[in-house]
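The next part holds the structures, each set out as structure tokens.
What follows is subunit A paired twice: with subunit B in the first complex and subunit C in the second.
What follows is the complex of A and B.
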């Protein structure tokens, strides 16, 4: 953390060193774990939101008729929708785990200090989650 | 060097509202987020993993079987409310970030509000007025516990 050394009145203009050329690391939020987790959180969040709108409407068909519900759910039982569902679960998994990381950054005293480590823990847990889910999901989707 | 004088900062505008809605929205995202992790992972597990066949096993009879138990009715109602409000508030945050035109921003936020209210009412009615054995349906579409018609 840079210390506040400038005095606003009467002092000579403070000398600020030119930024080092090349990759500036550790001082910028941009382009590091903090930014990418934020980008992924937004992309996954928006995707899940639009799925949620569709999902409330498709489930509402149980109140129309069993045939209407079964017809629409039937369109979900195709390989393409099965792959989309896999992507949806992957998006939910990341959003959930990174959301817990955000809560730790906000409420845990050392959260900000460990945010980069926690990002990689999120990625590790996310991969473990997908190892548990994806094979079973793909077997269900591609089996007759 | 001349001595520069810097104007005193303007005093903060006193909020007209007594409730800080942005703070409560911020807290809601975190509170609902923790609950949604549990609610959604269990939802995905029971619907996609636990049963034979995953998504292929889901049909009207599957839903009727789950909603025969009030536990899942409460569970799904909580999911509906917590997730949709969490999602639309997140969308509001994103719209506030990227939509510069104030008129357009207000229109989109209003659309988010209206669509959320409509879907909350619709979804809640669907869960709590659900009939597992509606008249006129094909017996093959109905759960096994329905009386023969």
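What follows is the complex of A and C.
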């Protein structure tokens, strides 16, 4: 430490820039696999919840009148809704696979030890699932 | 030490110094309404720690910089802070392990009331620590040693290492949004006594933690395990307490 503190004598006053205005936000916490899997789990979970809400409403319409039900379901047959379905399958796929991982973390003795590996297995299975589904789905959506 | 260095200037020159930019999140409750980032340049050796950078700023550039540190060697648990977005002890983080080409961001730990610069109010943290009764409870009179086998001791060895720095609790997303949650550190210290064969109050502690704000708030994000400067497998300990609550005994 001597060579650091000794420089003070006779040295000019250190230049300290003024505080930067504007940027007051703290940094985003940089978690690792565990945190980001939880973030994804939350986002997909809430999205699925809102889908189910709409889904129960539109399905309940069939009890009001089958014609109204058909009309509403008919409006879903657009490319935008098709992409939405793709996102929905992706969200459910991740939520289901990561849900199994969380069950293993909670109930399998070695679960916490292997959580990172299990996260990457979840991602791998998820990608395989999407490779099987997405091209087919997109062909259907855009050929009609 | 200094005389040794003066006698051997060649050796001292051989050590490459470098300039690092430190971005410190400052907050002065007397003048600021919001925290602000302030930039400092420090001359560092690769073997210097973030704490040395903070010392250099406080001692040579801006004496008003406020932070806690006591032992400065990773034992007292005073200087937990967020370094480049992750909770670390400033005294255990070497500058050479950080990316010096970019500024090093240092800010107070999250989820506890900010008092000044890098200092937070630790009271909510210690309040939940006290609530889990972190002391040995035994009905037998201590007229001789309470014997314990090596296996019984090993059962809770990991959680005896806690230094109460709050790096785990303040890395927990649940704790950030729900200040009522006991937090990892309190559960770790409960674990230390729940699985101690000499202790007789395991059931009491399991009952305390079998609460809406107890172990069930844990969402297994593993931020606590990753943040712990003592390498405690925090999420593992919480999972063991969860399992013990389900079993009804340690």
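One rule holds for everything that comes next: the second predicted complex is superposed on the first by the 114 of 144 C-alpha atoms of A that agree within 3 Å, B and C clash if a C-alpha of one lies under 4 Å from a C-alpha of the other, contacts with A are read in each partner's own complex, and residues count from 1 in each chain.
Just so we're on the same page, contacts are C-beta pairs under 8 Å (C-beta built on N, C-alpha and C of every residue); 3 or more make two chains touch, one makes a residue touch a chain.
Model, not experiment: these values are computed from the prediction.
*Asks:* Considering only the touch criterion stated at the top, classify A:112 as touching first (subunit B), second (subunit C), both, or neither.
*Replies:* second
*Asks:* Applying the touch criterion given at the start, work out whether A:69 contacts subunit B, subunit C, both or neither, answering first, second, both or neither.
*Replies:* So A:69 only meets subunit B here.
*Asks:* Given the touch rule stated above, what does A:59 touch, subunit B (first), subunit C (second), both, or neither?
*Replies:* first
*Asks:* Look at A:92 in the shared chain and tell me whether it touches subunit B only, subunit C only, both, or neither; answer first, second, both or neither.
*Replies:* first
*Asks:* On the A-aligned overlay, A:31 touches which partner chain: subunit B = first, subunit C = second, or both, or neither?
*Replies:* In the superposition, A:31 touches subunit C alone.
*Asks:* Would you please give the residues of subunit A that touch subunit B in one complex and also touch subunit C in the other complex?
*Replies:* The overlap between the subunit B and subunit C interfaces on subunit A comprises residues 8, 102, 106-107.
*Asks:* Note which residues of subunit A are touching subunit B in the complex, please.
*Replies:* For this pair, the touching residues of subunit A are 8-10, 12, 42, 45-46, 48-49, 52-53, 56-57, 59-60, 62-63, 65-67, 69-70, 73, 76-77, 82, 85, 89, 92, 96, 99-100, 102-103, 106-107, 133, 136-137, 140-141.
*Asks:* Please name which positions on subunit C make contact with subunit A in the complex.
*Replies:* 1-2, 5, 12, 25-26, 34-41, 43, 45, 52, 56, 59-62, 82, 84-86, 105, 107, 110, 171, 173, 219-223, 225-226, 233, 235-236, 239, 242-243
*Asks:* Where on subunit A is subunit C touching in the complex?
*Replies:* Touching subunit C from subunit A are residues 1-6, 8, 14, 16-17, 19-21, 23-24, 26-35, 37-38, 102, 105-107, 111-113, 115.
*Asks:* Which stretch or stretches of subunit B touch subunit A in the complex?
*Replies:* Interface residues on subunit B, with respect to subunit A: 1, 3-6, 30, 33-34, 36-37, 40-41, 44, 48-49, 53-56, 58-61, 63-64, 80, 83-84, 87-88, 90-91, 94, 115, 119, 122-123, 125-126, 129-130, 134, 136-138, 141-142.
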